[in-house]
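This is the structure, below, for whatever I ask next.
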Amino acid sequence: MDRIKGSMKQIVPWVVPFLLLICWQVFSWMGIIPEKILPAPSDVFQAGLSLLGTGELYEHVSISLWRALAGFLIGGVIGFLFGLFNGISKYSDLLFDTSIQMLRNIPHLALIPLVILWFGIDETSKIFLVALGVMFPVYINTYHGIKSVDKKLIEMGRAYGLKGKSLFFSVIFPGALSSILVGIRFSLGVMWLTLIVAETISTDSGIGYMAMNAREFMQMDVIVLSIVIYALFGKLSDMIARYFEKKLLHWNT
Amino acid sequence: MDRIKGSMKQIVPWVVPFLLLICWQVFSWMGIIPEKILPAPSDVFQAGLSLLGTGELYEHVSISLWRALAGFLIGGVIGFLFGLFNGISKYSDLLFDTSIQMLRNIPHLALIPLVILWFGIDETSKIFLVALGVMFPVYINTYHGIKSVDKKLIEMGRAYGLKGKSLFFSVIFPGALSSILVGIRFSLGVMWLTLIVAETISTDSGIGYMAMNAREFMQMDVIVLSIVIYALFGKLSDMIARYFEKKLLHWNT
Amino acid sequence: MNFHTEEPIHVQLAGVEKWYNELNVLKGMDLQAERGEFIAVVGKSGCGKSTLLRLVAGLEQSSSGFIYMDQKPLKSLNKHARIMFQDGRLLPWKRVIDNIRIGLPGEWKGKATEALENVGLGDKKKEWPNNLSGGQRQRVALARALVHDPELLLLDEPLGALDAFTRMEMQGLIESLWQQKKFTSILVTHDVEEAVALADRVILIESGMIMMNQEIPLARPRQRTQPAFSMYLEMIMDRIMNRMPKKNYIVEQNYQMS
Amino acid sequence: MNFHTEEPIHVQLAGVEKWYNELNVLKGMDLQAERGEFIAVVGKSGCGKSTLLRLVAGLEQSSSGFIYMDQKPLKSLNKHARIMFQDGRLLPWKRVIDNIRIGLPGEWKGKATEALENVGLGDKKKEWPNNLSGGQRQRVALARALVHDPELLLLDEPLGALDAFTRMEMQGLIESLWQQKKFTSILVTHDVEEAVALADRVILIESGMIMMNQEIPLARPRQRTQPAFSMYLEMIMDRIMNRMPKKNYIVEQNYQMS
Amino acid sequence: SKEGSTDEDTDQVVRIGYQKNGPLVILKSLGNLDERLKEEGWEVEWKEFQAGPALVEALNAGGIDVGRTGNSPPIFAQAADAPFTTLAAGKSKFYGSGILVPEDSDITSVSDLKDKKVSFAKGSSSHFLIVKALEEAGLKYEDIHPEFLTPGDARVAFEQGNIDAMVVWDPYTASTEINSGGKLLINGEGISTDRDFFLATNDFADQHADITEIIMEEVEDSSEWANNNHEELIEMLSPILKIDEASIKKSIERREYGVDEINDKIIKEQQEIADTFYQLNIIPKEIHVKDVME
């Protein structure tokens, strides 16, 4: 690994996406991929530019970003807290885990009628859906992280007079952290994913709306554009999660 | 914990769902929840019975089960293998992880036009979507599990002449197992979740179809019924995952 | 809130048994540690020394019998005690100094630094535990236990990974701290010489029972070269090794006050 | 494929240095172990004993200098060696017997069971490592290292957690296996008596260098009570403790063949 | 005086659900209704929906007060006992709805559809259209292989040759004809009228009949404008729908915007659809569309 230089490490991960892009462009030029159905990268880029020009793209992305973050914060905190309590207390675990595992399995699309009933058709319902989606990965991984903290270290902490908050922050949380970060990384993805469902509820903005609208009217370039945007956001979320992993799990290297 | 008897442990988890059910039924009777909007549990039960009677429910569930399992197997294996390789080999990690993290973030709903393009409108495309959905939780957790196997134990294994398969099966896999099982547990949920999107692609059967169809035609009882079915499947998947956890992580208790 | 009281604690075990499934590790233990007494426990590997300490620390519940701290039965975690675990148990995510300050109330910095310097690791303050050598890790764990000024100190083979030289230094450290603060202490060790050098009383556990309960009435500081020291050492060793005693131990009385 | 050859291996270190960041642990080591020689390494905690073993095992790369196995430079993992780690490293998910069979080719069952019985843990065969006592864990790790019949055996404080009695038994076991199979062996220990009892040569590491390289030309089995034994022991101890020697060590020649 | 009135008047909000692909989008773009209602002390909140069923879903849950859908969502809503009423109907637009086949297809008549894969959205006006068309051609519904797809997805499947025919409405029809080599096998003439319906919640219709009246008036006016200003209309719609101008042109030229009072003919049309859907088991019970049309 030492032989791979720092800059190479930055570049190599982009090799696969870039190669795919090139193949796709070349096949499009050669007419192997019919343009009407899967537009060439250059066309997608064009579509992106023109949406950027009109300011539409910016608007879609920024409204979605807002919904995403609001939902992420709410759902993340709830998921974390439940994971925490169920991980620590066997009673809470017994009482709530089954219910959460059941809730987790309900598709958002099927929930929409109920969500509209409960929260109407405005922002609340969209943020609710994102929060719901984000909650579960955070929950499961926090739960697992806490359950798998070395029992011996917890015992040590207790024997040294730690309890409650101090036990949590000195032993349990750091021990569970790497798993919690996996949950957060996962949920940063889910955050964007859920938006596409949330934004089928009465709206006229957001990147989920943009994608579904394009699907409705078969604007393949915009569909592909939004897929690309999603992918880039995925990478971005992942980089953020990795940054924190690196920073917080320093001792583990 | 010892004070909670075995049978109590079976019952307590169902307290919360059961209480909710009772409140819901009572509120429905009292008319606080208007029946048109959220049918009473008894109505949902009725709807379930009548769908069972016609054999429809059985058909929907069995076709979905088939799709779910096929997709789960394919996606799970691919996710596991990628998680494995990227977890073990730094080169493979560098090359593929970014791409996978990007792919992960693409919503299925936005992908549908492309999926139809690639796989047509038959079973293949549905199974593809399920596989895609299942792949990522398995990938991420396998990856994380392998990365967090105690380096000292791996070193020990290598020093004792283990390598390749034997190192993997003796050290890496058992060490990563608990995390992998979290991924599988998660993906058993995703498996069902994805179906609701997959089954919007030309089909007339499956529980996703049933739910979306009911939504389209505003059959609230069937919508709620499918939500309940999803929830029960969630619990079932979870029980399966837990069973394996208990069996395979015996040493950890 | 420093919980060290002037009075060290009195410990009593009455008929303590411990079963692990089918395995009867401790078969009815009766033992008293007077206030401020230094007891050393020796015995073969697997005889139940760590189990005994864990019971006294309240980390495990006895299968039958009682443990009293100052006459009050111990029900759960023993708040008067600090235990140094046989396996160290440093938190890998905390630097050495932060490992030592765990659970220390109030002004910890000076104390923790001093404890670390006492065990000869002042320069490893900011190191991660994973980067320490085996003996260094053990000394950090020792420092962590000592810094607390407990009423009851439980040490589970605290010096097992140390070379002769460092070991002697650490024995000196433990002894001088004990003389200073007069906490009650139970030391598990496999080094009989260490036991004789440090303890007021040496206890030998065999087949889950106390097979020997030997006062070491030597004055401190103890010289390992003095004949009485060797005699006690040999006597205990003979018992452990199941050797026939070579001399009559009644003579021990002669050395009592030396 | 049992890789034990008739010929034990020859080990040579030439100018081996090891740096951890700013810390120079080994400062140019030159050392040879003849085929079938038994070398003991002693030194203060943190002096670099484990680091030395890890280098020879090929688990770590030296910062400069070379290690030769039978004249061939060691580039990566040392396939001729088996190392027993200071911290045991049992796999918690494998039962004791399965931990011992790790990496054993072919018919392992008999061998592994025998090794386990040799270390006195025949009855713990099916136990999980987490349920063992500290000394039992260490003995399982020892059994695992011994069962391999390596050409080069590296033991990192293999008996540190054992009581005097068990320790003597295990020393006997190691010695008799070594005499039988004649592997080259490097033993890190903090017990100088153990070093003198077992080794052909005792090496003392101090400030990253070999400060003493003492042949122990005593016949085996060695009696700890014989004067030559005590003399070597004392000589090395004096050096470690930085005591002035009490007698002239030239007399050692007298005991050489005793 | 203004301050006094705004205080109480700003409370008054009418939430109107629209689809991009419908007449209300014209009204919204013109801005006439917003202005007119503002004079009355009302504010308009426009809520966009991507599909009719979702709009009716919101109507049912009280998320919107007024909305427009195609002709089948009201039937499902009624079957689900949703509390709504029909304000008016749009004009028939059967020219733009029909069965599309690829230009080079062997299928030249409806009867050729036997054993073919035909795509349409389940429970849509297209569903009704194909059933009726088959009936007229002497085929049964069971003679084709239905593939339930939304128009956008169907289009991809159509281009890829996954399906043999698709049943859609404008502007998808026009767009497929122009861009994807589709030709109309038949249009809805004599089979389906494919009207728009303007719906309101019962509560709103009861309490604010004046407002619904104003809304419908403005819809009429905007329809008239649309009928008379095709050029401007195309310019207005093409950035909204993001469909090429040629397709939009084609689709607006073969339809007439406008509002029809509910009459017996319309009720009869709707009742026929409802009955058909009941027979097809799409709705769970028989309904009398008259009940929500008065």
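Order of writing sets the labels: A, B, C, D and E. Residues in every chain begin at 1.
Please note the rule applied: a contact is a pair of C-beta atoms (placed from the backbone, for glycine too) under 8 Å apart; a residue touches a chain by one contact, two chains touch by 3 or more.
Everything numeric here is computed off the predicted structure, so don't read it as measured data.
Where touching is counted per the definition, the chains common to chain A and chain B are E. By the count of C-beta pairs in contact, the leading chain pair is A-B.
Centre-to-centre separation between chain A and chain D, using Cα means, comes to 52 Å. Centroids built from CA atoms put chain E at 85 Å from chain C.
Annotation: 37 Å between the Cα-based centres of chain B and chain E. Each of the following residues of chain C touches two or more other chains: 87. Looking at chain B, residues 37, 112-113, 117, 215, 218, 220 sit in touch with two or more other chains. Multi-chain contact residues of chain E, defined as those touching 2 or more other chains: 57, 61, 150, 152-153, 156, 160. Of all possible chain pairings, those that touch are A-B, A-C, A-E, B-D, B-E, C-D. On the side of chain B, the complex with chain E involves touching residues 36-37, 112-113, 116-117, 120-121, 200-204, 213, 215-220. By the touch criterion given at the top, residues 57, 59, 77, 79, 81-83, 85, 87, 89, 91-94, 102-103, 128, 130, 144, 148 of chain C touch chain A in their complex.
Those residues of chain A lying in contact with chain B across their complex are 1, 4, 9, 12-17, 37-38, 90, 94-99, 101-107, 109-114, 117, 136-137, 140-141, 144, 148, 178-179, 182, 185-186, 189, 192-193, 195-197, 200, 208, 211-212, 215, 218, 220, 223-224, 226-227, 230-235, 237-238.
Within the complex formed with chain B, the residues of chain E that make contact are 53, 56-57, 60-61, 76-77, 79-83, 119, 122-123, 146-150, 152-153, 156-157, 160, 162-163, 282-284. Put simply, chain B touches chain D in their complex at residues 152-153, 155-162, 166, 170-171, 174-175, 177, 249, 251-252.
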